[in-house]
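Below: a set of structures, written as structure tokens.
Two complexes are shown next, each including chain A; its partner changes from chain B in the first to chain C in the second.
And then the complex of A and B:
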């Protein structure tokens, strides 16, 4: 049987439209460029006597408008494909795009719910709500949420297992039918098969889960370490600051890839260095929360004791499981190779976070409310964690988004070099690496994970941009 | 230039100007129906509280309103030409050459990476196309004109190598480089010390006369406008409410807001017990919540419902005065000479026993040249030198001095944030000078508390108001349960006259004055007996200042608190303090009761300080004493008397006593001490600085 087409039954109508949209966009772009060089200004906003505004449009504005509508038309076509994919019965009619759109159905539903709720209540949601005032922020949020939801619903979205091998499907092109599908099995490999005969589409979907399991958590740990060290360095200054900043610079100066190679070398793993590093780095969140609660509640010993007991209990349990792989209950554990990836990512990211936090603290500690805390006899940690840190949240949230992006790329790089994660793993970096070998003959196994990685990081960057822009307003 | 001499009409004509800012939610009118004329050589003062639109007018004149700002009505004519009809090129040509602007923050107006000479020379090179050499010559000339010492060195310096006062002089010099016809000054001295401010004001006045420049002087300080301007325009909430010549507006004000403004500032003669200040009730309306009709209506004593809130009010001419207009419907009916209805007279608090005794306190800092490797080159900064004073129960002791005089260091030592190098600080009978705040017991910590200067900084922006007060209660171990503390917190809000709902608000929802009240409530949370108030009202608008000051006084009367009031504003010090301590470069140069300090004999520095303070009263005559130079650095203080480098009485002291010996603390009268070498007969000859002319 021939593979199904990309656009299915709707293709003959929509493909010309999409092509036209692209053509209009390109034309508009060049027209605008030429007009700008020719010195045509965009139209000025005029104020009418009745306090309304009107814009006198110039050719420049029309070019921009054309571009805008071309983009909208293109997006509308994509939406029609997806809807067509959901409503049309057979795979041939759906086409590959339509079929993928249908598989992502749970993601669409969740996405519509999230957007509808967020836009409705955006005035009550603080900074998150303001995000929906910025188109850039919304696009970023959409892309990030798309991959987040895909990771969550990966089991429903994927058509096959991540490591299901069908040898006849080796390097088959997108839309190829399975040779002899079992009962209930999905009939085609939507994005084709890789060089071992695994479904590229499903691996991309499961890859999202792999990446999103590690990247945000590792970034969070890096933040904990960076904050716990950056606060005292900035607040106390002096020798402590000099020493900590020196160490941070030292780590930053060390070549990242070389560090990873060193960490995964069997001899070094055998010597236990990664475990010891994890033992130290994973201790920071527990220290962070203990100090956090102690400084706040030391005037009420009973409340304080409850909080600290809970922190030490839960934190200690996770700590034993994650760092030492010796959870007494046997529930929490982290495979050795993931641990190494985790440790290296935290190790490499925390010095940068440290420097950001230190810089913000240097600024905020001159404020009067910090002096007010000092003059009523507050301890230094209360001032750092409860007076300074909450007011540093703006830049930290923005950096957090950006840093998840870096971490994702870092994970991709690690996977690409075959470091850390297991060779079977569907994470995007490893998949790109596998696809690389036959890239000139069969580009389809390598492209989807690459595009996924790109859109996800792009989304995070746009999200950070939107957050930064909105947090600066009013 | 030929066109300059040909034109002799008004330099600037603003006619019914309206400016709005457009946000995503709404149009915010910033200036409405504003008209003003500036004649050649005339100085127009633009006065109002923050947010009244005075800076927007200036930006409108510069045609620099940003993306969101738009002129929605009226015209601005510069030398008869409508600015809004000019092309960007023409505007660029006029800005900097014919209209120059001086901003509040001098450092922000100078390029830190360029030498002063080059920055100055750039102006004529760009606007007049003269050669670099000629421009440099002119730069040197202008630097001399603004009375900077050693012009050649200054021209080769970078901005950060100059002091704030010198930087502002350079900014003025830059504005004058191309001999503009109109100079816009936007709060040019707010960031400077009073004596430096006096020198700058003097300079601006002289230069205005010399070059014949017209000026638009924007300020919130009525006294300053009185000293610099010929005409004044008072703004309130986006509108000009009264304009006229200085004499007409100051002596025959015809708008209730102008009147209320004058009643809320401490003029000589105001007294905290007998004739307290009258704060303007209510709050400044937000731009989108302005009332119908008169904007000042809801806060006005003469408000007449149905008439003042009926519709827009236009400016009306006051008959008999020169170009004097007011935006009040009732100005002909109001009896302007009626004395204000006095708030009930307050009983003077009985001054009790000594609570705080500071004896011979010294605080030195060691500054190493290189912090990482130590090094032998250590310098000592003498922040406080032999300070001795006492403060009694329910007494207000004002500590006066300019920046760098050591008053903040003194506060830090008292609070325990720093320990004294030498000497003693006794709280009751407990010596606390070397106990850091962590080692002080709760009782001591809660006894000495502080109110801070900047209302926008004093509260943690991410914690509710109530939470912050409760935290202070927790630390001071007051109340056993959360509920008890909450009750106490609400009582504290009552104490500072804030509604109880404010407990759950975030600081950003409060105005400056309200935040300062919360700061006061927090300071009194542990029953403070000594409150160090570090310029608590200097960042507030005048109408709010009065209310916050009165609140402090009232709490003091009820709680018998000792108030250490740190300030550089001598008007307010005179109004509320019982005793005054004047500091200069770490030394106490004069200490005595308020009357003793404000009347001769003076310490020469006190004399200069008093003459530098602008007073918004036309009947006050002041001696003009302008201090030369800047405050010396505490790293490298002058030998002998700290004030000898700037003292105008130095020649009266025989020999070089002033340069060699630190003067002794001399008792002039009971409780009045002066640190000066001047002989008694010379001190006795001093004239009072401030004279109220007999009417």
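And then the complex of A and C:
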């Protein structure tokens, strides 16, 4: 059977429309560029004597309007394709885009719920709610949530298993039918097969899970380490600051890729160094929370003891399981190769966080409210964690988003060089690496993970940009 | 200024020592040495044979002593074979008279050692590879810096305008596209004979070859042409560009709000003159630092791009040395990398002080 087409039964109607939209957009863009250089200004708002406003539209404005409507038309066409894919019964009618849209149905439903709720209650949601005032922030949030939800619903979205091999499907083009599908199996490889005959679409979907399992957690750990060390370095200064800054600069001067090549090898894993590094780095979150609760509830010993006891108990349990792989209950563990990837990513990221936190603290500690706290007799750790840190949250949240994106890129780099991941892992970096060998002949296996990685990092960057803009607006 | 540079140089030296020791330590861990012994000797050695092989080849001494040997502050090891009476040692080349060999031979004496995998002196390998990467970097900088500055200045001269939003979003998009993604997309779009633009262009007879650009830069090692070198340069330049452009934009936007710019505008100076004559010089101080600090970042990109496009330069050597645990080659590669990082930091510090009249004069 011939492979199904990209656009299915709606294609003949919608394809010309989409092409027209693209053409109008490009034309509008160039027209606007030329007009700008020719000195035609956009029309300005005028206040009439009767207190009404009027805009004299110039050709420039019409070009921009055309571009805007072209984008809207394009998006509408995509939406129609997706709805068509959900509604129409057979795969040939759906087309590849429609069929993919149908597979992502759980993601769409969750997304509509999240957006509807957030937009309704946006005035009560603080900084998060303000995000829905900025179009760039909303686009970023949409992209990030899309991949987050895909990772969560990966089992429902994917059409096949991540490592299911069908040898006849090797390098087959997108939309190819399976040779003899079993009962209940999905009939086509939506984005084609890779060089071993695995489904590219499903691997991309499961890849999201692989990446999102590590990137946010590793960034969070890097922030814990950076904050725990950066606060005292900035607040106390002196020798402590000199030593910590020197160490941070040392790590930063290390070419990242060399460090990865040195750290993420089987021989290093055998020597036990990752475990020791994990043992040190994973200790910081526990220290952070113990100091946090101790400084807050210092005057209420009973409450403090409960909090610290719980932190040490839960933290210690996780610590034993993750770092030493010796969880007494046997529930939590981390495979050696994931641990080393995790540890190296945390190790590379924390010095930068340290420098950011230190810089912010140096700035904030000169404020009056810090002096007021000192006069009240508050301890240094209380001032650092409960006076300075909450006031530094804006830049830190923005950097957190950016840093998850950067961590995703780092994980992709690791996968691209085949470091630390098992060869069958569907993470995006390794799939790109596998696909690039036959890239000029069979481009379809490498492109989907590449575009996935790009859109997710772009989403995080746009989200950070939107958050920065909205937090500056207060 | 002199004291400042001296102090910086001292810190640099200390950093370089620490970093090289870390690399030395990680490459010389016992599992790595065991692998080396098995690849150099034979794969089925017993543990005892491995340790005797390591002893015989000078890997038996404590880590610090061997680091000293490599550095050239501790005399190189020598060893007399008990059966033949032949004297071998770190500083004795094969066939030379042991009596005439120097006592010290390390980095400080200019002896970078011997690559166990390529069977050649490290200095012979690294030089040529660095030249190749130098060419790549040179072209990348030529493309990247002017375009990034232009984009940044255009975006920053009217903050919040539509042009600013468009260019800023484009810069964000380039920083979100790592080299291994943009490289793959470029190859598919421009260098594939079955997909992208090339088949269409060939059909219309607009290009001579089968593809618009070549997806491999192997031939660029001998002869750089527009056809084989555009894609690697473009891939590498694009990722670094966004960041420099955003920094230039921020700096430009800050300068444009300054008092003296407002004065100039109120005097009736043309906007074009204000941007080019009044604002630009002050706006370019901060991007200079950013550009210098961006060079070490390019290093990671170089490794990826050289692997992706099969260009056997410095980054490719790093990958080969690291994956084969070629200890002395890897040490030299990391020395070069560390020197690049530290030198660019130093230049950016000095340059910042020198370029900024407020600091220079006070």
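The rule is short, and it goes like this: the second predicted complex is superposed on the first by the 466 of 474 C-alpha atoms of A that agree within 3 Å, B and C clash if a C-alpha of one lies under 4 Å from a C-alpha of the other, contacts with A are read in each partner's own complex, and residues count from 1 in each chain.
Note that a residue touches a chain if its C-beta (ideal position, glycine included) is under 8 Å from a C-beta of that chain, and two chains touch if they have at least 3 such contacts.
As the structure is a prediction and not an experimental result, all values here were calculated from the model.
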| item | value |
| --- | --- |
| First, second, both or neither for A:436, with chain B first and chain C second | second |
| Which superposed partner A:409 touches (first chain B, second chain C, both, neither) | second |
| First (chain B), second (chain C), both or neither touched by A:299 | first |
| Contacts of A:133 with chain B and chain C, given as first, second, both or neither | first |
| Larger contact residue set on chain A - chain B or chain C | C |
| Partner chain(s) touched by A:462 [first = chain B, second = chain C, both, neither] | second |
| Which superposed partner A:368 touches (first chain B, second chain C, both, neither) | first |
| Touching partner for A:379 - first (chain B), second (chain C), both, neither | first |
| Which of chain B and chain C A:256 touches, first, second, both or neither | second |
| Interface residues of chain A shared between complexes with chain B and chain C | none |
| Chain A partner contacts - residues on chain B that touch it in the complex | 20, 22-24, 27, 70-73, 371-372, 415-417, 437-438, 440, 442, 445-446, 449-450, 452-454, 457-463, 472, 474-477, 519, 522, 526 |
| Chain C-facing residues of chain A, complex | 36, 42, 64, 136, 246, 249-250, 253-258, 261-263, 265, 267-268, 270-271, 273, 405, 409, 412-413, 416-417, 429, 432-433, 435-436, 439-441, 443, 446-447, 450-451, 453-454, 457-458, 460-462, 465 |
| Interface residues, chain A side, partner chain B - complex | 45, 47, 49, 51, 53, 133, 238, 242, 299-300, 367-369, 371-372, 374-379, 386-387, 390-391, 393, 474 |
| Residues of chain C that touch chain A when the two form their complex | 11, 15, 18-19, 22-23, 26-27, 29-32, 35, 162-163, 168-169, 172-173, 175-178, 180-181, 184-185, 187-188, 191-196, 211, 215, 296, 299-300, 303-304, 307-308, 315, 318-319, 322-323, 325, 333-334, 337-338, 341-342, 345 |
